[in-house]
Amino acid sequence: MTSEQKLQAYYFLKLNRALEERLLSFYKQNKVVGGLYRSLGQEAISIGSAMALQPQDWVAPLIRNVGAFLVRGYRPRDLFTQYMAKATSPTCGRDCNTHFGDIQRGVVAPISMLGAMIPVMVGVGWGSRMQGVDRVGLTYIGDGGTSTGDFHEGLNLASVWKAPMVLIAEHNQFAYSTPTSKQMAITDLVDRAKAYAIPAEIVDGNDVLAVFAATGRALEHARSGQGPYFLECKTMRMRGHAEHDDARYVPAELLEQWRGKDPIERFTRQLLDEFGFAPEQLSEQDERVKVLIEEDAEFADNSPYPDGSGALGGVFAS
Amino acid sequence: MTSEQKLQAYYFLKLNRALEERLLSFYKQNKVVGGLYRSLGQEAISIGSAMALQPQDWVAPLIRNVGAFLVRGYRPRDLFTQYMAKATSPTCGRDCNTHFGDIQRGVVAPISMLGAMIPVMVGVGWGSRMQGVDRVGLTYIGDGGTSTGDFHEGLNLASVWKAPMVLIAEHNQFAYSTPTSKQMAITDLVDRAKAYAIPAEIVDGNDVLAVFAATGRALEHARSGQGPYFLECKTMRMRGHAEHDDARYVPAELLEQWRGKDPIERFTRQLLDEFGFAPEQLSEQDERVKVLIEEDAEFADNSPYPDGSGALGGVFAS
Amino acid sequence: MITMLEAIRQAMRDELAADDKVVLIGQDIAEFGGAFKVTQGLVDEFGSERVVDTPISESAMIGAAIGAAMVGLKPVVEMQFIDFLACGYNQLVNFAGKMRYRWGQGASLVVRGPCGAGVSGSAFHSQSPESSYLCVPGIKVIYPSTAEDAYGLLRSAIQDPDPVLFLEHKFLYRRIKGEIGSKPIPLGQAATRRRGHGLTVVTYGAAVHTALEVAEQFGDQVEVLDLRCLLPLDEAAVFESVRRTNKVVLYHEAQKTLGMGAELSARISESLFEYLDGPVTRVAAPDSPIPFSPNLEKAWLPGSEQLAQACRQLLNY
Amino acid sequence: MITMLEAIRQAMRDELAADDKVVLIGQDIAEFGGAFKVTQGLVDEFGSERVVDTPISESAMIGAAIGAAMVGLKPVVEMQFIDFLACGYNQLVNFAGKMRYRWGQGASLVVRGPCGAGVSGSAFHSQSPESSYLCVPGIKVIYPSTAEDAYGLLRSAIQDPDPVLFLEHKFLYRRIKGEIGSKPIPLGQAATRRRGHGLTVVTYGAAVHTALEVAEQFGDQVEVLDLRCLLPLDEAAVFESVRRTNKVVLYHEAQKTLGMGAELSARISESLFEYLDGPVTRVAAPDSPIPFSPNLEKAWLPGSEQLAQACRQLLNY
């Protein structure tokens, strides 16, 4: 990362976290419709990986990949209004939380069924190459999501077609309440990639620089025609599955252990101690974050709900 | 294998092949309804593996596992009548070819969707253990079938549940017209098993003794509570996908190369040269085969077709 | 008085206690008690051998349940949301549903889970999937509207020798309370929830409650028949009622096209042509995904106003 | 005169030639030409970049087609048998079908393949899956009965901006011949195959041919309307005909319960109540898997005798 990128990464990390903290207050005020899903402790993965994308690349974020939306140019208001079911949301209130996207921006809206994005992003990469377009498709999967049939079919197809596609597996130790040990008999998700001869790396998911660098390598590999690439980002889900889940099934020591590895604190220390940024440079970014969050929170809060007439139509083009 | 078992294996191998040869004449006489799927060159896999089962174990044969039915006590007539759509078939004409089974005999009828048997046999093994019953579930999959979502979900579940289950992958180089190289980016199916930490072995699928021994080890492993086991039997499909397929996509040299490895010729030579059986001992078995095939062929040929009234009812128990 | 959710749990508890072949299979259903806490506490009572967590593998869950059923267990599979059953569609429809017809061996298993809209679950946590499983052979479909029925019908479903899809409207889980019995309720019997002589509203699931509300407005005009089971279907009860009232509104939350209403309408037309004093009328959801935002969802849902208008129109016909 | 199979191939050939965004995806469809040889030769004409083999992964095939559609391709996915689409059910129904409504982006793709019974394919190579995809929103369903329609409708399907399921009755592949046009036929227009004034048989797919045979027996009594497209549905044509004949038989090969006949019956009842001179009648397959042995299959199939009897009965009503 250049210095500029480092500041940018810092900005996005803080924006991601501030956004979710603001969402949390909305949630407590009963202004969030449905559950609130946090990426607390995992922000470096979405931001490091999305920052490695080229403009022409595409990404399909899942529910904890708020950061990828931000890097791709979406504003906090887009997430606020989605979560708050407002008429001004990217889906005009038709769908929830991170279920939005835009072909123009190369962002694919996920469906809830885990694993389903993988074959779709294989098609995005493969279909682009068919048309002579240099484009890699990036998507994410949780440890739990690797147990789905679509994970297997998608990666196998990607490997056979040598599709320019990168899959980032966020190994955050839990799938809802299910620890990885009850989800699979292996301990490293990279072992899944052996079934497809897809090159795979384990990455420290709490290190935004490591994620950025690894994703860069992965994208390069995919872009060069050598086929898909698999990254396992080790991390920890620092909240419940959603805010309504108190996650008492998570051992306290495990949480404690990971609390010391917070990706934002860590990167902040690095910026100051290792890379010689001045505290003011960071607080400048903090200020930008604060202003934007407040502006967008207000926008969302003041936005109207859609009226019922928006419910109908639009299933088919004509 | 004991001497007795060796003779038995010889008998079943010859029975399997003779059965299909007889089916082929029926097919040429237009007496087979639908396609005829051969196991030519792969007989050692079904027979070696099924012979390793204990009586209480269960097996779910696929379309090329005619031999497993025979070892489990089904008669050639059962296959003849199934293929000929006769009223006397195990399904009374309701389903085709190897689509039959019987809980009493521990044989599960397959559905056509490849991969689907795997989770089901996981359930058979797991469900038996739940009830304190010592029973392993055995099933098969083709190289092509390993690309299905059910293969992945089933094996992953088996590994997490440590289900007493054995999967035999018949790597016969083709899935219909698709060579393994267009089906997957790996060359050995055992690499698939790494995704689940399931112990796996490559076996010479044209060596009935090797298959028997390996399946024995696999069943023992599963039976002892250590979970599933995966065997890759390398072999070659020596005919088209079905008899209507002339398989011109198969390189002639490949076929030529494998013709020298015929599992029955090879085992016959072993029996005579290595294990000291007398030619008469084998011709005695050949005679048994001949008599049974003729008796059952006649039975099937003379059997009536079901009349239409058999089409209705039986969807639910009541 | 217990909630429908508790009634469902009690049915499983009683079946687990009565028959050691009954096992529960699902994601996060053991210690965690399930996403909706339906199975809460059952692992403590019956052990982790009988209340079993699974990976996120709907197809393998159904497949394994089929295999377990073959060896004599009676598996009850929870879908975290019934929408995810779409990922196990092949196993349920092609394996479980066709087994008995093909080779005489059935699979005694239940797939159950929360369905239905009204809680801003959006497109993938709100679907009413009954049509998808009724338009293929071999799957029984149960859809209770009361705590009592949820209890009694689930017990019957678990004891049933064939595959049963048991649909639990999530909107009712904690909103509906009732006394439950202690016995199974036989499958295939509709219940008249309100008597009327002007027309019959045939409905099921959460829609029953809306129908009863609406019926109130019409004095003794509107009869409300709760199907309770969609397959086996109590056609006789539907026909008996329509023969008396001569008019019928078919009311459900699922998509209108090829919904249960279509099938009932066709059967009524075929059998009761001469009894009908007005067009068989459907009130059901539009043929679109389910929107998220409350106003949109409300507009999407076939609500009391729509039903009342259909009743009014038909009564005046 | 070419067969329906050749017409389907020609439609793909013409679309491949006209639009370089069109690609074919399927198992064994390239060099091998597909299990039924529908795509034979196309790989030689258009190259292995545009006629692409896949592993046995129906879900990934549909998923990849969705992704490819998003980046501007127009994928045509062959199912070796349409029954195997059950393994890709979630991708088609939940991803492709709901995209446009949810976030405004549709997937222009076709899933096509052989369906239907009559060739002793047994339970997993004979199904008529239309109901499974009509009872959820977002999937268009086309079901041609002639070579000409197969050609013209497939071209329209490929050009269509939304997901289309294109059903090819395997019994017709080589049994039906016809002249084909050179242009797409717009979706959503039924065709009157025979005029009559006593009743209308509404049908589609292979059943059209049986209906025409049966209609012959009744002189100028029986009108035969071929839907051609099930969604978009030409409701106007159905209504127009029934308004004239006042009686209708709904005839299809798919399971009766929640079949297309149920939906049509409901719509006719709702809209044409006062025009009906006899009960709306369905002739369709029993609610069971499809048996293998020819006699059984014949008894299972809703055949000409059943249809003739239904017509007789209704004409005499």
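The chains carry the letters A, B, C and D, assigned in the order they are written, with residues numbered from 1 in each.
Assume a contact is a pair of C-beta atoms (placed from the backbone, for glycine too) under 8 Å apart; a residue touches a chain by one contact, two chains touch by 3 or more.
All values derive from a computational prediction rather than experimental measurement.
> If each hop has to land on a touching chain, what is the smallest number of hops from chain C to chain D?
Step count on the best path from chain C to chain D: 1.
> If you average the Cα atoms per chain, which one ends up farthest from chain C?
Chain B.
> Express in whole angstrom the distance between the two chain centres, defined as the mean CA positions of chain B and chain D.
For chain B versus chain D, the centre distance works out to 36 Å.
> Which whole number of Å gives the spacing of the CA centres of chain A and chain B?
Inter-chain centre distance comes to 45 Å.
> Just curious, how far off is chain C from chain B if you go by their C-alpha centres, in Å?
Whole-Å distance between the two chain centres: 40.
> Spell out, as numbers or ranges, the residues of chain D touching 2 or more other chains.
As it turns out, chain D has residues touching two or more other chains at 55, 57, 59, 83, 86-87, 90, 94, 98, 101-102, 123-124, 137-138, 287-289, 291.
> When you check chain B against every other chain, which residues touch at least two of them?
In chain B, 91, 94-95, 99, 111, 113, 147-150, 153, 156-157, 160, 182-184, 314-315 touch at least two other chains.
> Could you classify the connectivity of these chains, where an edge means two chains touch, as line, ring, star, complete or other?
Graph shape here is complete: every pair of chains touches.
> If you look only at chain D, which of its residues touch chain B in the complex?
Per the touch definition, chain D meets chain B at residues 27-28, 31-32, 35, 53, 55-57, 59, 80-81, 83-84, 86-87, 120-125, 286-289, 291-300.
> Please output the residues of chain B touching chain A within their complex, sorted ascending.
147-153, 156-157, 159-160, 182-186, 191-192, 194-198, 227
> Can you name the residues of chain D that touch chain A in the complex?
Touching chain A from chain D are residues 21, 23, 49-50, 52, 54-55, 57, 59-73, 75, 90-91, 94-95, 98-106, 137-138, 140, 161-162.
> Could you please specify the touching residues of chain B with respect to chain D in the complex?
Those in contact with chain D are residues 33-34, 85-87, 91, 93-96, 99, 111-115, 144-145, 147-150, 175-178, 182-184, 249, 305-315.
> What residues of chain B sit close enough to touch chain C in their complex?
Chain B reaches chain C through residues 58, 90-91, 94-95, 99-103, 108-109, 111, 113, 116, 118-128, 130-131, 133, 135, 137, 149-150, 153-154, 156-157, 160-161, 314-318.
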